[in-house]
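Okay, so here's the structure we're looking at.
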Amino acid sequence: MKQIAKTELDTLFAAITAEQKLYIPADDSAGQAQFTLWRPGLALSGRLNTARSAKDLFFPQVENLVGFRMHAGAIERVETREEPEDFVIFGVRACDCRSFSILDRVFLSEPVDTFYQMRRAHATVVTLACTRPEETCFCAAMGVDAADPAGDVTCWLEDGTLLWRANTEKGEALTEKLPMLRPCPADAADAQQARTRALMQKLPLAKLDLSAFGAGKTRALFDRPEWASLSEACLGCGTCTFVCPTCQCYDVEEFRDGSSVRRFRCWDSCMYSDFTKMSAGQPRPTQRERFRQRFLHKLVYFPENNDGVFGCVGCGRCLAKCPIHMNIVKVIKTLGVTHA
Amino acid sequence: MQVNSEWKPTIVAFCCNWCSYAGADLSGTNRLSYPANVRIIRIPCSCRLNPMFILRAFQRGADGVILCGCHPGDCRYTTGNYYARRRMTLLFSMLDYLGIERARTRVEWVSAAEGAKFAATMNDFVQTVTALGENRRLEDLRCKA
Amino acid sequence: MQRIGVFVCWCGTNIAATVDVQAVSDALAKEPGVVLSANYQYMCSQTGQDLIETAIREHALTGVVICSCSPRMHEQTFRKTVARAGLNPYLLEIANIREQCSWIHKDRAQATEKAIILGRAAIAKVQLNTPLQAGQSPVTKRALVIGGGIAGIQTALDIAEAGFAVDIVEKQPTIGGKMTQLDKTFPTLDCAACILTPKMVDCAQNEKIRIFSYSEVEAVSGFVGSFRVTIRKKARYVREDVCTGCGLCTEKCPQKKVPNAFNLGLDTRRAIYIPFAQAVPKVAVIDADYCSMLKNGKCGVCAKVCAAGAIDYTQKDELVECEYGAIVAATGYNPIDLSGYDEFAYSRSPDVVSSLEFERLMNAAGPTGGTLLRPSDKTHPKTIVFVQCVGSRCSAEGKGKTYCSKICCMYTAKHAMLCREKYPDTDVYVFYIDVRTPGKNFDEFYRRAVEEYGVHYIKGMVGKVSPEGGKLKVQASDLLDGRQLHIDADMVVLAAAIEPDKSARPLATMLTASMDTNDFFTEAHPKLRPVESPTAGVFLSGCCQGPKDIPETVAQASAAASKVIGLLSKDSIVCNPCVAQPDELMCNGCSSCEKVCPYGAITYLDKEFRGPNRTTLLRRVAQVNPAVCQGCGACTVACPSGAMDLKGFSNRQIMAEVDAICR
Amino acid sequence: MQGVKEKAIELLRSKSVDRVVGWKAGEFFYDLTPAVFTSVPEVEQSFVWSVFCAANLSKYLIAESRRGGKVAAFLKPCDTYSFVQLVKEHRILRENVHVVGVQCAGMCDMETIRSHGLSAVTSVAEQDGALRVETLYGARTLDRKDALGEKCRTCKSKKLAVYDELLGEQGCDEDNGRFLEVARIEAMTPEERFAFWRGELSRCIRCNACRNVCPACSCETCVFDNPDSGLRNKAAADAFEENLFHIIRAFHVASRCTDCGECTRVCPQHIPLHLLNRKFIKDINGLYGPYQAGADFDTKPPLMDFTLHDPEPSQAAVRGGGV
Amino acid sequence: MNRDLTQTVARIAGVNPRACMRCGKCTGACPAYDEMEYHPHQFVSMVETGRIDELLRSKGIYTCLSCFACIERCPRQVEPARLIEAVRVLAERKQGADHLRPQDIPARLDPDMPQQAITSALRKYRR
């Protein structure tokens, strides 16, 4: 365990930046935290979490795949892939850090998504333990310990001091390059952890019961009549999907100008009416089916294919951002009540 | 910023088939010259011009877009240019609001008899846009890859 | 897979001189979808067209791009060519590389590059063209002639002669127009009334012709084949069907001080009047501005003396609505207002008159009974100065007209000649800039005025006329002698420029017909379609299209009539297939499109659609009547969902052009 | 406002309507969801009327008014304008809707409350015109106006454009300086304006929340979703498309937008989208005379209308959009 | 024949002598006709054909009253008085001539004299 005074964070960030790119949560012009490329003077946000999730750095909203160009009657392939540089992402919360492992299950299993794989390989994840959770947080219900996040390095911010613990080889390697980190007792974070854990238990959603969900529950949940009322107000926008740290669907599109084509992928949302639309039409014709797809995917289908792991990390972004305040918690609570 | 004295702006001119397109023809018939970087797209009436087309042109690399239609009151379809006038007024004002140089967009009423006005308008517009330089604000830079 | 053929025309050297046509066709050959790219000297020639036809067949082309002159020139020609080869004529696009490229650019490299880009845009568009079928729309077998002068009369008579019904709308109480005011006509010197009045009577007697005199067009809607026109019949306070034209009322009316418009205010008439003896219809009119019965309810003399009981002081304007297949504009001309020409003292001396006033002063039915007398003192003028080009050929802003009024040289020669013939003791001077006498027997006529009648033609211009002691002091230049002349004249006659009637501009707006900067109607083509307006179904007759003398007017009137007859003889006409078309699946039924449609072509229908999960939905969707739609495209932009699109100029087609141009 | 829930119960109990559109209680005190109630017990159990009923229910009536039977809807003054506009566009079938107008003193917005540095909020209570905000980490009192959402801070009118019955008093047009921010941006240099909008619009994640919540964006298929439109884009494929989407969207709703403010309320990235719509509204008012979309059923929207002597585009730009 | 001078005169005058259609209205209107060896229309023609030197030598350019009758009457916007004025300006700009100095002007001023006449007079006496 190492430590550094909070006042010296700039020195730490500068040292990291000297070697590689550094992203930290910083407030944007609208006052929300976003992962932002650090430059001298950029302050660490005081907010609990970023508005957009940390997945953006591994799975950006738009990514060029390949290009083609017509040239003198022939078609020429244009390489658009860019090898990313090493980067550090600092201040990842436990929930978002957990989301990486969920995304890894999707993108790093065969066939491996090399774009995602490349970014993961180049990244060092420095997490930051939570101390003041929001009422919308329910990570505990998803088995995430907000007081002890994973990552290559774990940090705690306590009384003007940043505590630093390297967890992995990558983490150690980074630590070695940062001489300003001074050693400290291994139990320096224990008190804070205990406080946080106690606080987590007091959150309104701490006791979220997930027993009705998980692998094998498709039949029990698929035709529940409550889907109709749950989805009736849904606008079919992609807000929940796009702020979600675990949503991983994308569409492949092309940008054409008549003589050249740029093929790119971009986030897609299962809430969109044209999601996976095919020549025969939409497989999920109404918002009810699309809504059901999203939540059953997170709560049933994903665990079914991934050793029981839920496709949700309890970050609470969808609770805060949904225009009509419909969210996974309401779904869990409504459908968690089993019929007699 | 690359300073290139040889740089010539790309100008898209949407011309009403009944007046300005004929006006452009007339300026051709009278050999009234205007720069070659003005390219005309024929539309049936100025009211056919969807703001989308203007933005599309800017997106694809145009540096200036001009709409030429019949003088108010002379529309082949009676009212088309009146609608176009309101639409373009609002659109241009919005583009200005977004910080796009307002001189990159223009509406000019040119009748079929005004070949000279057509050429003069185009010369002036090209000059204005050339002075503004490349349209960096609305152009999609990645398209040029 | 598209198979597009590109044909680059040299247009002789018109294109080939500044555009490297070979380079253009080579470059375009490499564009996506292009299977053939050729160039030829004259694509519009028979050989050129054969080349295209053969290529379409041999290469099984699915689209054709012709890089040539303006589509306004030869689009129709090439559509027919394409159709002959069995391809839908709307699978053709023309890149305008002549008017908009080779003719305006001098630099060969630049012009060539631009031609390639224009060709590329046309290729991009043609790839999205779809075969279009033109619809049919019925033709109402009745024509409307607006204006009852010699142009309107001749047009109406010719149309009626061919067996079609025709209505004349004339804003004056009688038909006849300007020609009724003329004395003699050049170059034959026949009496205008003698040749015109029989035609007026023919109109009145022809059962195919309806005359709306003292009426104006109020509104026009519709389109070729079915125009709907509202005509305002102004109240004349005399029942047209009852009045016998006896004229008793016009003699008894106590209001005698009304300036007589027919004689251009040179004498007076009564408040109730018949414009002139041969008026058609010969029906009295009450001038509401002067009638004391209408103004303050006192008098009623005319009603008392009218044996037929035709007077009706309560008459109101009446609106009549009629359908027409074709409309002819024959709104004629007026001399310009001379009050601004202070140097000629027109407003200061009654003895300075316009040529039209001079016609009345010479006319046997005029204010002086045909004796030429000075308006000021009713004496016989001994020295008369004619000034030509008053207000014509004038480029100074607001002072006159830039054009030549065409008829002044001839009528001035006529006036001068008649003066000398009738009153050999007069000295007649004509100041001219040029004497323009193209026309059959015209120059001979002018030479007779000089040689036989001794009219003094002086090359020069009057600079100043000042009334002094009953004389008009004329200061002028004689450019050939190099002198400044000072003439003491008794009378000065100004050959005023002529301008389109003021009613033409609002009428053009109603007809959506275009006008030039001088308010003359624009013809569809200055050489090849001189009697048609660019608006389908609207034709032009007489001076509303440009200055003309009588024979030319009559010729154009008959030409317009023959165009009308050609149109009315069809039962239906082929519509423009480039009309709006809604995508019902995307239509919201919001009525945005309907609100901007100038033709009322859009209606709505509640229609059943298949919804998700085997449900049915009743949705309000737009329907376009393709016979009514004229294809302006206003609706396509008003439609927020993009459901409304315009065939032939679809969103995607235009965007493809934009993309290609900006590439 | 007292009696909203009671009115819902009364309407259902008397069978004067078949359904009621209102707000349903959520997990917390603030996360109300628009919902359709069909029975009295349902209303009794979960119908809520509170200071968090910001959502505009008009758009739901497009589908609800076509579902057969009669539906009652509780509409705040701002919502009624959207309602009228949608009726005008034949989207809502007026005869099937019973409009209960509800006067409103402005709705609180949770994101605004959080923006004051408050987190883990557990309750908000009105106290003598101020708001008592309890959080896990302590309590604070906020001025009521500091808790209002943007749409309520700059409320245009408390006058209901339509209602079949009214709870509370009919109000008047308000002047809360809704164009001040637009004017402030207009007064910037073009460079500043560009920088401002670049900063705002670059945050867009194209989640379509603004579009999908917008009552004026009720197209069967949006041009941006339609592959045949040639404009479809799911994500901003380039830096320009963010602008393109928002400009076109603002243009499509121009002269139909009632300035209900929902776009800004729902934007997860807090982009002030209403400033685009208000620019059009301000221009329209200045150039063509005052116009409020949805204020009546007959007036033609200014973009579907004209006069013979409208200002020319060049003039309008010089004027900076009038007013 | 001096094309350059023609252009200079046209530029100073701001009118196009080629627009003249030889109507002679200027000459017809000229009150100083008898005093001038070249008359307004001839003047225009001489400018157009480049006979500027002859004009410069002519006294006639100083007998023009600048009454502007020809400007008023010209239907083609050729406005001969402007050309005459331009030739006078040209003469004035010629160096080394026996020029009246500006400071001598005040003594010659007459309060009743119109401005235009003062200017014209100055040019006349400066020769």
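A, B, C, D and E label the chains in the order they appear, each numbered from 1.
Assume a contact is a pair of C-beta atoms (placed from the backbone, for glycine too) under 8 Å apart; a residue touches a chain by one contact, two chains touch by 3 or more.
Owing to the predicted nature of the structure, the values given are computational and were not obtained by experimental measurement.
Enquirer: Using the touch definition from the top, what's the fewest steps needed to get from chain B to chain C?
Expert: Minimal hop count between chain B and chain C: 1.
Enquirer: Of the chains shown, whose Cα mean is nearest the mean of all protein Cα atoms?
Expert: If we average C-alpha coordinates per chain, B lands closest to the whole-structure average.
Enquirer: Need the most distant chain from chain D, centre defined as the mean of C-alpha atoms.
Expert: Centroid comparison gives E as the farthest chain from chain D.
Enquirer: Of all the other chains, whose mean CA position lies farthest from chain C?
Expert: It is A whose centre lies farthest from that of chain C.
Enquirer: Can you compute the centre-to-centre distance for chain B and chain E, using the mean CA position of each chain? Integer Å is fine.
Expert: Roughly 45 Å separates the two chain centres.
Enquirer: Distance from the CA centroid of chain A to that of chain C, rounded to the nearest Å?
Expert: Using C-alpha averages as centres, the distance is 72 Å.
Enquirer: Measure off the straight-line distance from the CA centroid of chain A to the CA centroid of chain E, and report it in whole Å.
Expert: Between these chains, centre-to-centre, one finds 86 Å.
Enquirer: So the centre of each chain is just the mean of its C-alpha atoms; given that, what is the distance between chain A and chain D in Å?
Expert: About 30 Å separates the centre of chain A from that of chain D.
Enquirer: Do you know which chain E residues sit against two or more other chains?
Expert: Residues of chain E touching two or more partner chains: there are none.
Enquirer: What are the residues of chain C that contact at least two other chains?
Expert: 596, 638, 651, 655-656, 659, 662-663
Enquirer: Which chain D residues sit where two or more other chains touch them?
Expert: 223, 231, 238, 303-305
Enquirer: Spell out the part of chain D that touches chain A in their complex, as residue ranges.
Expert: Answer in residue numbers: 26-28, 30-36, 55, 60, 110-111, 114-115, 117, 119-122, 136-137, 199-200, 203, 205-209, 211-213, 225, 233-238, 262, 265-266, 268-271.
Enquirer: Enumerate the contact residues on chain D facing chain B in the complex.
Expert: 182, 185-186, 188, 190-198, 223, 231, 238-241, 243-244, 247-248, 250-251, 254, 276, 279-280, 283-284, 287-288, 302-308, 310-314, 316-317, 320-321
Enquirer: Using the touch rule from the top, collect the residues of chain A that touch chain C in their complex.
Expert: Chain A residues touching chain C: 70, 72-73, 257-259, 282, 285-286.
Enquirer: Would you mind writing out the residues of chain E in touch with chain C in their complex?
Expert: On the chain E side, the touching residues are 19, 21-30, 33-34, 39, 41-42, 69, 72-77.
Enquirer: Which stretch or stretches of chain C touch chain B in the complex?
Expert: Those in contact with chain B are residues 70-73, 96, 98-101, 103-107, 110-111, 113-114, 117-118, 121, 508-509, 512, 514-517, 522, 534-535, 578, 596, 598-599, 630-634, 636-638, 646, 649, 651, 654-655, 657-659, 661-663.
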